[in-house]
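Questions regarding the structure given below will be posed in turn.
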Amino acid sequence: MYIGVIGAGRCDAKLFDIAYEVGRLIAQRGAILVCGGLGGVMEAACKGAKSAGGLTLGILPSEDRKHANPYVNVVVPTGLGEARNALVVRTADVLIAVGGEFGTLSEIALALKVGKPVVGIGTWELAKGGRPVEAILIAKDPHEAVERALRVSLKS
Amino acid sequence: MYIGVIGAGRCDAKLFDIAYEVGRLIAQRGAILVCGGLGGVMEAACKGAKSAGGLTLGILPSEDRKHANPYVNVVVPTGLGEARNALVVRTADVLIAVGGEFGTLSEIALALKVGKPVVGIGTWELAKGGRPVEAILIAKDPHEAVERALRVSLKS
Amino acid sequence: MYIGVIGAGRCDAKLFDIAYEVGRLIAQRGAILVCGGLGGVMEAACKGAKSAGGLTLGILPSEDRKHANPYVNVVVPTGLGEARNALVVRTADVLIAVGGEFGTLSEIALALKVGKPVVGIGTWELAKGGRPVEAILIAKDPHEAVERALRVSLKS
Amino acid sequence: MYIGVIGAGRCDAKLFDIAYEVGRLIAQRGAILVCGGLGGVMEAACKGAKSAGGLTLGILPSEDRKHANPYVNVVVPTGLGEARNALVVRTADVLIAVGGEFGTLSEIALALKVGKPVVGIGTWELAKGGRPVEAILIAKDPHEAVERALRVSLKS
């Protein structure tokens, strides 16, 4: 089982704590954590996963392994720029979005396009024609997010 | 000047007409039309552009040139799957979203991530924390969409 | 019909003249010329194609359209680095290698891997275990190269 | 340290044994083994690495994790087709080619293009204009290959 954690490369302390806890719980449940390998939410989640002895995979936009945060075990420096977002999505069975800017939105959209479930904490809200599109599964905290992610990905 | 037209691979007659007119106006203004090369909105826009003697570029997800709609002049069969969305965005100076499903949303997000303007007709509405994120420039019709696209991309 | 011209981004006057003539003949025969969009052999071939009113497509490694040589009509700034070599190969029906360094060798190999014919003028010679691997069709001049390329791609 | 092992997806028993031993020695020396994740030489090397408790990373052409051989720990199902060869090269500090067909040749070429060392056992021989191009470091057996790979990548 691979769980993707997606979110911005910079974040405040509150999102950092949430992402850390998400990462910790992913590792505790025995899943591999995959992310974009950079700072912010990605670093927090990797740090949390490492604190619980987990395995973390970082798929970088650049060609330079040094751009990975220090809590990534296995680094793939793609050199593809933001096109690497598709690879984060392809590698994951399910994604958890923690906050997130436009890069995260692109990953959410790519996942939904191919039918992979996305769980969100404090992330984007989507609508068309004034009507909400409820494609992202909302979780109120890290525990609910990881449990939902495990549950929906086992089903799919 | 390269204008991207993004939208779903299948669409109803109303969106088809809008996309056709967007394509026609792009060609009339002398810009190259770039898109994902498939059917629906992409085909309509290419057909419109060809009707005005324009040049159309289709960047396909598959490796097979035959998957392009018949109004594409130059086909790049990338074989990258949805990762090719990043290439549509990189090739365009500005994007016009006509309707759109999740694939389109990923292109909108990738464009906004790198600061490329996106004009939308009947497309996604974004929000975070209950507050709208007004990053997409709204146009009410094809004429306004193309004029806005030309104006903002000349500025940037 | 799309004919790829591959070769180094810098070249001497002799290779420039050969590539120019290859490009000119491709355009004269009505094929679209696809290349990596940069200087050297790529620029020479595009210049030749333009001299005969042809259409040229440049698939760049960088995200910056300005890196294309001035004889490219349609530019796809992929941002994929050398991974774009696979796209040059996928877009072409057949490839003509003029001279070439390691980047060209990677394109030759990718083409042969998927069974696309490669015609070579003064390019790499391959061997394994001391025995030549004659997978590249040798041409002695631009005219023979373009004629062979047209002939073999029609067959395949 | 990441050492790439490249070679064909099918191979005879002799190459299998060589690749197995290369993988085993890589793991024994504490490096991560990266490869294309499929069968043949890739599977042999992963199996060898696992026998010594190593960590293996497989970067697949397809989007389907199930295509990985059973000895891959961390799978990145890129969906990029042969364009993923560039990612194997970018992830590795140094590459060891064991035998190899055209796909392997493309990886050798991409590595040499960016100045990454390539060690070869029974692999391609390159020439231009009738003169050998000795860019691949030749090793006579797995032990020499891994030792050379470690030595040259530490220097670079």
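Observations on the model:
Order of writing sets the labels: A, B, C and D. Residues in every chain begin at 1.
Here is the rule we use: contacts are C-beta pairs under 8 Å (C-beta built on N, C-alpha and C of every residue); 3 or more make two chains touch, one makes a residue touch a chain.
No experiment lies behind these values; they were computed from the predicted model shown.
Between the chain pairs A-D and A-B, more C-beta pairs are in contact across A-B.
For chain C, the chain whose average C-alpha position is most distant is A. Distance between chain centres (mean CA atoms), chain A to chain C: 40 Å. Rounded to whole angstrom units, the spacing between the C-alpha centres of chain A and chain B is 28.
In chain A, 63, 79-83, 86-87 are the positions where the chain touches two or more neighbouring chains simultaneously.
Within the complex, the chain B residues that touch chain C are 2, 32, 55, 57, 59, 63, 65, 73-80, 86-87, 90-91. Touching chain D in their complex are the following residues of chain C: 80-83, 85-87, 101-103, 105-106, 108-110, 112-114, 122-130, 135. On chain B, the positions that touch chain D within their shared complex are 63, 79-83.
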